[in-house]
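Presented below are the structures under discussion, each in the form of structure tokens.
Note that chain A is present in both complexes that follow, paired respectively with chain B and with chain C.
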Partner chain A sequence: MASADTILRLEALSKSFGGLQAVRDLSFDVNAGTITSLIGGNGAGKTTAFNLITGNLVPDSGHIYLRDARVDGLPPHKVARAGIARGFQELRLFNRLSARDNVEAAIPNLRGESIIRALIGGRELMDERNAADARANALLDDLTIASQADSLAERLSYGQQKLLSLGRLLAAEGELLLLDEPTSGLSPGMVDDFCTRMRRLTGNGKTILLIEHNVDIVMRLSDWVVVMHQGTKIAEGRPEEVRNNVTVMHTYLGITS
Partner chain B sequence: MEYFIYIGTLIAIYATLTISLNLLVGYTGLISIAQAAIYGVGAYTTALLALNFTNDLLISFVCAAVVGVFVSLIIALPSLRLTNEYFLIATMGFQAIIFSLFMNLEITGGASGLYGIPHPTLFGHTIRAGWEKLLVALALAVICYASALRITNAPFGRLLRAVREDQTAVASLGKSVFRVKLAIFVFSAVFASAAGTIYVYSLTALDPVAFHLDESIFIITLVIVGGTGSLNGSILAAALLILLPETFKFMAIPEAIAPEVRQVLYGALLVFFTRFRRQGLIGEYRDVLK
Partner chain C sequence: MSVLAQFAVNGIVTGSVYALIALGFALIFTASRVFHFAHGGVYTLSAFAGYTVLVTLELGIVAAFLAAIVTAALIGVLINMLLYEPMKAGGVSPFVALISSFGVLIIITHMTAMVWGSNPVVLSRGGKTTVYRFGAIYTTDAQMLIIGFTVILAVALWIFFRHMRLGIAIRAMGNDSELAEVVGMPAKRLRNISFIVGSGLVGISAMLIGLNVGIIDFNMGNEIILMATVAMIIGGLGNVGAAAGGGFVLGMIQNIAIWKIESKWQMALSFAILIIVLLFKPNGLFGEKRPATGL
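Let's turn to the complex of A and B:
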């Protein structure tokens, strides 16, 4: 792959838990402005790879570069500040905060989040609050859940919660978005909506790294596909190349003839 | 009249302690069992300062807060990285250590505590009368309430609640969970220590038993009865639970067993509220632990 516009590079990452080698010698690049999908069966090591990238796990060996900066070994909040925003498979919303607060909690560099500044108060904080409200309302509006802005996140339907988690992710303003099965549990109509949104995001300069189980979505949406099996990368390429790859057909897609 | 003034002072002290602990327990999900220890550090600092150096009220507040924050940092640094249940146990350990130091050090007067502490002075005026001390206690409670209200209504307060809901998610948004916890822990310690200053000056004596584990559990009881995450609830609970045992005096309960009856009552309330009304009297949230 071209290296000029590489935003994320994984170099020979390995991670084991006790005797289980969850990720072995994993290397691949993610190009800026693209959608890259990470696919593989259960236990292939996809979520472990995500946890390594976001700093929730520390690799046993290997390196991770965001642009030119090494991010392996950094704690999760520093990785996030470097520009990687992560969505979780289990959503991890702030359940007893309103939908709007969920989004606003993700906005970076709020002065009102300092206890000292909060105590001092003042006009500046009011302006900041109004700007944050406006930003959150715009995001919720775009995600078609503006009417739920004041509801607790736990009161939203599952589909709405998925949208809200995307809203929170976008408010964090990372340039690289890591999405863990964003379409699972969604109705076909919502899946289409999600695909449209993701395309629009890459059009707006975001890069997406996706874990996805639905092969149709992967083939339709991805610019690049990385296939994992038992912790290692067994193939990568454009969607049609991967689809025609014999190893992949056998081990992952389950096609034998 | 003196009696009612004393009860009023006590309510103001406990309202301050309960609000300061509610910020940890109710807002941030940090169940600390060391609040009485920090309260005690403030009290001992004030008493030793008054006996040896100065009984100036403002200097006492500042010194109590500085030492209280110092001790809270010693508690916080190893404990704050732990998950909920382990944090609780670690703070209980610190509570036990600090209480044991109060009971056994020479400088703290051992089991007999410290007495003969002079009345405080404020701008050259000696605060001797009970009602003056009540005013000081009320002033501290009001400042504590107002600043707690301010920070919990600010984006900082939202961050506290977010930490309570899901720490992993907070970190994934680029915000340091440890920093948030540390900030609120220190803030809480400032007011808990200041409450210790008021306590010492209102009694002009100090008994280590007042800072036992039971006291920490009592403050938690106040937080839970009032409602986790409700500042008004904390004040209400402090008032009710201080007044309730006082009514024993007007009932046919013998003085000798009154303290035991009180413990049973508090224990029963704790069980009742955790089982049947987890949001407390006027609280917002049902569950602190997830």
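Let's turn to the complex of A and C:
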């Protein structure tokens, strides 16, 4: 079905809300270890595409494959467990939990999740809990917010919250990260920091599917770019190919000459 | 003065049980966002299950507690699975869920009267009450049991919510259930677990109060669910620890007030406290200065 290095395949996805066709016949592949950007104006259907991939929406037609397994129609928590970790455009954190608990909440498949095991887990459960603590601490440390580990998430600064939501994403151990404008609202220094981190992640075996409005970041970071307009894909290719694509220039980049 | 001290001890006893009940009620509310009035019915049923095992079948106090806990957990989780979850899936508003829950409370109350009769029954271990005396203050073994249970459960629950993954997951879901699902948490299962734990707590409380008062009747759940509601609101909505604190404060005030106010005014007094607290601290005694999430 999918070629060896294809991690995600969208096949003829369609979704409409009432009379509005939000996504129409959308197909593209995401190759493992790459950064693929999904670009397009407001209402192009990018976020709907994300919602379809993560199971928050069920497609009217079409299929989604993660590796060779179909994931369309699965509920969100099963898609997450299958290996797709999703970040939100707006900051979404467990505000009333500590930074460390935010990260730990996303670590998959620990024994402590069953009530029976929680009651009779004993030593093993403690070890597991300590390992989860260590993993969360390491992630927070790498994100330079270790000093805030015990603070409630809502007490963190905006930039720290952005980093924390990335930490939560990484804790989920998904192979594929779906990032929806991860750099929005960040200072230029932090944007650079985020770009470096994303590039390093693909070096460590992660794959990133990115929604991004900032064309500079898209051109700098992407291995592959998919351009959407009014629910359909109008172009895809390497960044420089897309930049030189006449249709894209007209409809998205606003270059008319 | 010694009279006041005695009332204070009674207050600690009542406050401890209210704390347990309010905690279970708040746990269910936090996880599922349902105002689970039927909790009062679960309380009544578990007391009668304990009564049947202790008095009718004479199987002993431990078996009676186990029967009460298992009955409560089972009925609680069944109400969630058969009533609230289908409603949630069907997009029914929380208000409708609240009224349905109230209906379940009434049904359970009447069914209890049908099965066990409408007269109060005596819940005791056959007159084997021991009274302890500390200076001028008297306590019974049932009261010691209550305080002991509460301390142990408070520590256990603190560890559960702070240090166990399941507890953290439930807190996370109470905070933002959609995000919890995206992060990979099985929301439905976590809600069921909350109902099991919250109902189990009310099962223990029903036995403790029943043994302390000495009699139980089919109506006992109606008053207690009002107390749990008052406790949760004066403590602070959406926070399990605050609800427990609210329960404790309510029990204390109710009992100390007996010093000056006749006990028949207890219910009116409780709601007066509720109104006064809300006037001065709209978010509850221990709540944050912000609206509770998701309400």
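In this section, the second predicted complex is superposed on the first by the 254 of 257 C-alpha atoms of A that agree within 3 Å, B and C clash if a C-alpha of one lies under 4 Å from a C-alpha of the other, contacts with A are read in each partner's own complex, and residues count from 1 in each chain.
The rule we apply is simple: a contact is a pair of C-beta atoms (placed from the backbone, for glycine too) under 8 Å apart; a residue touches a chain by one contact, two chains touch by 3 or more.
Keep in mind that what you see is a predicted model, and the values were worked out from it rather than measured.
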Margin query: Should chain B and chain C be called a clash or a fit once both complexes are overlaid on chain A?
Written below: clash
Note to self: If we overlay the two complexes on their shared chain A, which of chain B and chain C does A:Ala106 touch? Say first, second, both or neither.
What the structure shows: both
Next item on the list: Mind working out whether A:Tyr65 is in touch with chain B, chain C, both or neither, as first, second, both or neither?
Entry: neither
Notebook entry, point to check: Does chain B (first) or chain C (second) touch A:Leu97, or do both, or does neither?
Noted result: both
Next item on the list: Determine where on chain A the residues touched by chain B overlap those touched by chain C, and list them.
Entry: 54, 56, 75-77, 80-81, 86, 88, 92-97, 101, 104-106, 108, 110, 112-115, 118, 125, 128-129, 132, 168, 172
Notebook entry, point to check: Given the complex with chain A, which residues does chain C contribute to the contact?
Noted result: 160, 163-166, 168-169, 171-172, 175-176, 179-187, 193, 196-197, 293
Item checked: Residue ranges of chain A in contact with chain B within the complex -> 54, 56, 75-78, 80-81, 85-86, 88, 92-97, 101, 104-106, 108, 110, 112-115, 117-119, 121, 125, 128-129, 132, 168, 172
Notebook entry, point to check: Can you name the residues of chain A that touch chain C in the complex?
Noted result: 54, 56, 75-77, 80-81, 86, 88, 92-97, 101-102, 104-106, 108, 110, 112-115, 118, 125, 128-129, 132, 168, 172
Check: Okay, in this complex, where on chain B does chain A touch?
Finding: 147, 150-151, 154-159, 161-162, 165-166, 168-177, 183-184, 187, 285
